[in-house]
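Below you'll find the structures, each written out as structure tokens.
Each of the next two complexes has chain A plus one more chain, namely chain B in the first and chain C in the second.
And now, the complex of A and B:
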């Protein structure tokens, strides 16, 4: 017997948002579907409509547990989609809400999650404008899966993209990293009984991002929210897709002590861990201080910091200067360190 | 002991697209999310953007089996979303594709389904413009769930809605009913070994609907694709929401003999069964013949027929004149006769 004819099957790690996810999409999904709009593979696509630029994005949420310290799947779904629109420079017009419910879900749980969807929409100033509800039998889902898609309008003065990133640009993060992934992970490991000091950072960032545009106008070159794959994923993509060299300074990257402790306990690098209320911003160097000031003036940006710089060595690599002064290349996480984190 | 404190849980029947689904949405989901755009509860919502009317729709697909005679979950997802846009008068701009994959799905199955997504997109002249991929562990999904959302532009001369429906209007169906639901159901009951004569009608209808607009212009008052809940669901909604009386003539409603036979075998009323390639059209009576001619000139409309009329008795009821000349009220199906049909 040989293994040569073994059936190839999808692995859990294919869903981690790392290199394996990229491979799955590149090998099995993209080839048949290719077109110029999809090819950008950004968090939102931009539809040229003849009546302006319309941003359009989709995400399914499969987080486990459904409720975790600092949030729940409803807040996560609304925030994630609002943030995907906002980082592409769009003002959200409306979101869709599609539920896949496992038979037997308690109605009270669904009620709490829908109330959280509503509260997060209110916070973001956006509405659920269309929806869908499906129910599958026990054992065919895990409580509840939510898909939110979003539509937004991009004003003509907001032009973002890898192609606008230039040597000398400054890289900013809007606050401490890795809080979402580690809060969910700890909750899952320890169960509800243990009160953790860690809370997810999940939040809609559109008003924070509006403040950034007001501060720096067309000095903003690029934005991305570091969700699955973490800051490492966004930073390595940024270097690769801009073709520039990105140097990050580890000592400048804000990490809460309790988050760092949890990461060490679980053997995880905070750089690889998902955030749900943070944004990486690339700005012209002369606008960096104004952006930091604007972020610090917003409740969601109080710990914002300059964490790196892009330079003209065209190697497409991201390098980290470690706390102790060493240097290492930052790579996109490979597979699924943290399954079902969003 | 009493049952008074029993935990209320979601039932499979809550997902059937009938009265129970309406109740779930009305009781648990809508109250917290209410806003004027969502309130319409149409297949697509219409976003007033300041730059024209943008249609936006979402649907999750959980059909079982993933591949069935006449189609698969990929063709179903693309057709369903294209059709939801088209029946609101919109020309599709682009679709999203969000996959929730169960660990262990064969890569070859995924590849076939993605190829089918691509082929159906090509047939409809639309692109997948953004996407998302999640993987969950074995037993947390059932092979593959797909969400497709869609964005389209509604041209100013296409005004559809319950409020445009008037006494005297003619009701048309674009072809034979109940083929999708019964093809999927038979496949599930009999397994792959038995070759069934039944094939799903799943198809993108945007070019057929364009032909209807070309034939009748603003004589078209309303359109809806009779998916979950079947023709009975669309007809009862149409009567209720227009406030008029709708009379359907059973002898005029096209049903294939093999479909009728399968329905009788399974104890189902074809009126209640899902279609995925049909549209119900309400037109001014003087345009009905032109619309029928246009439909007959299209491969997807060869069996189109006039099936009923709206009249001024303002009782909001749909009445069926049966084959044998009796009369009965058509009600929206209650729950889940056919689970996971789309």
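And now, the complex of A and C:
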């Protein structure tokens, strides 16, 4: 255990969803808890039952500010858990909602966030079916933390996983990247000093994903929502865990100009920035056009695009052909996204 | 310019670069002085588009990488003083001092370390916390130094007595001239830093051209601008006519930003300063003028700078002087990675080693890589097949 010595402490960067988070889970959390279901470390675990496969997932939300352009912590919590179920191929059955509230939070804020939870549940066609509320003293939390868990049923014809990914498969993204991370970051870091037009993309994706399955059936091999760690995290994991070579074409990856400028200003790579309403889909090449057509027919997939392909070169690396025709590796981000000095 | 046109333009530039470099008839080596150029070039993959005979090496232009360990140590000590709020630009958090500690680690141990995007944010924190002492980590080149000067003037104007800075700024021109004194550094010209040049102006590079006959081209940070910059450097060599060429006229003027220079001159004066992994370079740093000395955190908190202890085997000093490529260091990618960095160039997001590891690792063979082997993987744009 490299983390376990007395002098080592948890860093903020351990929560960034990048390589340091992987290291934290691998070194400090997983060893004592390991079992075959947990070992997959997917967005949802899959529990075998007598009635079929059940997907189960949990996530905690600590975003600041609680309300940001395009969403809030409530919409984020519901969407995040619904999406973790949906990218596992599951249809959500119900969600739990646990609130940890800091003393002093304005009731009107809580009311708006719960209304947002309800509206997002309605959009996703799922209910909050159990919950918990705790209040802690001022200073012991940051306004409001939310944990949501979700349970879903996986239809027998939906089989997803790194082991189903094959050379020749096509990689698709459902829309523009980096909108959520940069919208929140600009709101948090710049406050009133910079006004931005950026909006988070946070949204429940289960109906979009249903449309993908209807279009391609068992031609869908793998899905993941590129949240913390961004597209770079999903793409590098996909290459590494499938053992194949993934080539992405930068000129095909949708990025809004305003998002690109914001990323450039802060010295961030849009590929590394979080999304909360996008899905990366790996599909057999003969089904790619049907999937794109299905995505374009949905309001949340209008900018979907084919962004790359997997090849049989078994180096486990993801490579990007850049806008100007250069080539470079796509690496999973390290941890905390830090704006540069100049 | 749309993406198709950009790709077409890059192909044209590459063809022209290859032809011009062939006419020069020898291997050429240029230094990109700025960390932002390093990252942009790696991120856009322009190295792989250059002919084998032209290579770009990094210079001492990553502000985090060149901050001496003794300054990092002092910042960590300041951060641990009760009631001090240490404010810093984000990418200073991870860089380690002489015993492996960092501001990130100090924060996890209870130090009140806050990331700011502007010096005036630090001043505002001081105003909002009158019972606390607010220290700003004043690092970086001529790009960030004027903002430090403005903060000090603002604090002085409103007699803010709980705000100080720890000055560790660096000046680019003295460093370039010091590099040119080193006979082991064989650089044919400089891709000059765009941001710094906005402040100091293109005329500031005159000594480099006039005393050392080295071509200087100021370029922006887009991949096409970088490639155009390299092409202009090669053209100057071909014509044997070294000069200062400004390809970034929208932002850079011959005289630079006079207001920023006045602010700098009013608050700071040149001083000898240590560069990480390099020597102390005369007049390459900035110290507060006597009338602003009360804003020096080292003086206020009576902190003496210590010694530097570079990690054994680390070649960061050679990497940032263009003497070796990152993957020629035996620690690179083995024990030194972005997750477990040994040297500063692997720590910083603008560091050459991190950029190489993150974007160019595929070019490095597991054996000791020579420059020739690295360039052997070069891919001409015509050979690249887009995936869709």
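As a convention for this text, the second predicted complex is superposed on the first by the 327 of 342 C-alpha atoms of A that agree within 3 Å, B and C clash if a C-alpha of one lies under 4 Å from a C-alpha of the other, contacts with A are read in each partner's own complex, and residues count from 1 in each chain.
Heads up, the rule we're going with is that a residue touches a chain if its C-beta (ideal position, glycine included) is under 8 Å from a C-beta of that chain, and two chains touch if they have at least 3 such contacts.
Only a predicted model underlies this, so the values are computations on that prediction, with no experimental measurement involved.
K.L.:
Which chain makes contact with more of the residues of chain A, chain B or else chain C?
P.N.:
In the superposed model, B touches more residues of chain A.
K.L.:
Pick one for A:110: touches chain B only (first), chain C only (second), both, or neither.
P.N.:
first
K.L.:
If you stack the two complexes on chain A, which partner ends up touching A:47: first (chain B), second (chain C), both, or neither?
P.N.:
First partner only, chain B.
K.L.:
Counting only touches as set out at the top, which of chain B and chain C does A:23 meet: first, second, both, neither?
P.N.:
The answer is second: A:23 touches chain C but not chain B.
K.L.:
Check the residue A:140 against both partner chains and state whether it touches chain B (first), chain C (second), both, or neither.
P.N.:
First partner only, chain B.
K.L.:
A:252 in the overlay: touching chain B, chain C, both, or neither? Say first, second, both or neither.
P.N.:
Second partner only, chain C.
K.L.:
With the two structures laid over each other on chain A, which partner does A:306 touch: chain B (first), chain C (second), both, or neither?
P.N.:
Only chain C; A:306 stays clear of chain B.
K.L.:
Just to be sure I read the superposition right, which of the two partners does A:38 touch: chain B = first, chain C = second, or both, or neither?
P.N.:
Touch status of A:38: first partner only.
K.L.:
Which residues of chain A are in contact with chain B in one complex and with chain C in the other?
P.N.:
9-13, 336, 339-340
K.L.:
For chain A, which residues are in contact with chain C within the complex?
P.N.:
Counting only chain A, the residues touching chain C are 9-13, 19-20, 23, 189-190, 193, 247-249, 251-252, 267, 269, 306-309, 315, 317, 319-329, 331, 334, 336, 338-342.
K.L.:
So in the complex, which bits of chain C are touching chain A?
P.N.:
Touch residues, chain C against chain A: 3-4, 6-7, 9-11, 36, 42-49, 63-64, 89-94, 104-105, 107-109, 115, 117-118, 139-141, 143-144, 195, 223-224, 227, 338-339, 349-350, 357-362, 379, 381, 384, 386-388.
K.L.:
Which stretch or stretches of chain B touch chain A in the complex?
P.N.:
Contacts found on chain B: 7-16, 21, 24-25, 28-29, 32-33, 35, 37-38, 44-45, 47, 49-52, 54, 56-60, 62, 93-94, 96-108, 110-111, 114-115, 117-118, 121, 127-137, 139-142, 145, 147, 149, 151, 153, 336, 339-340.
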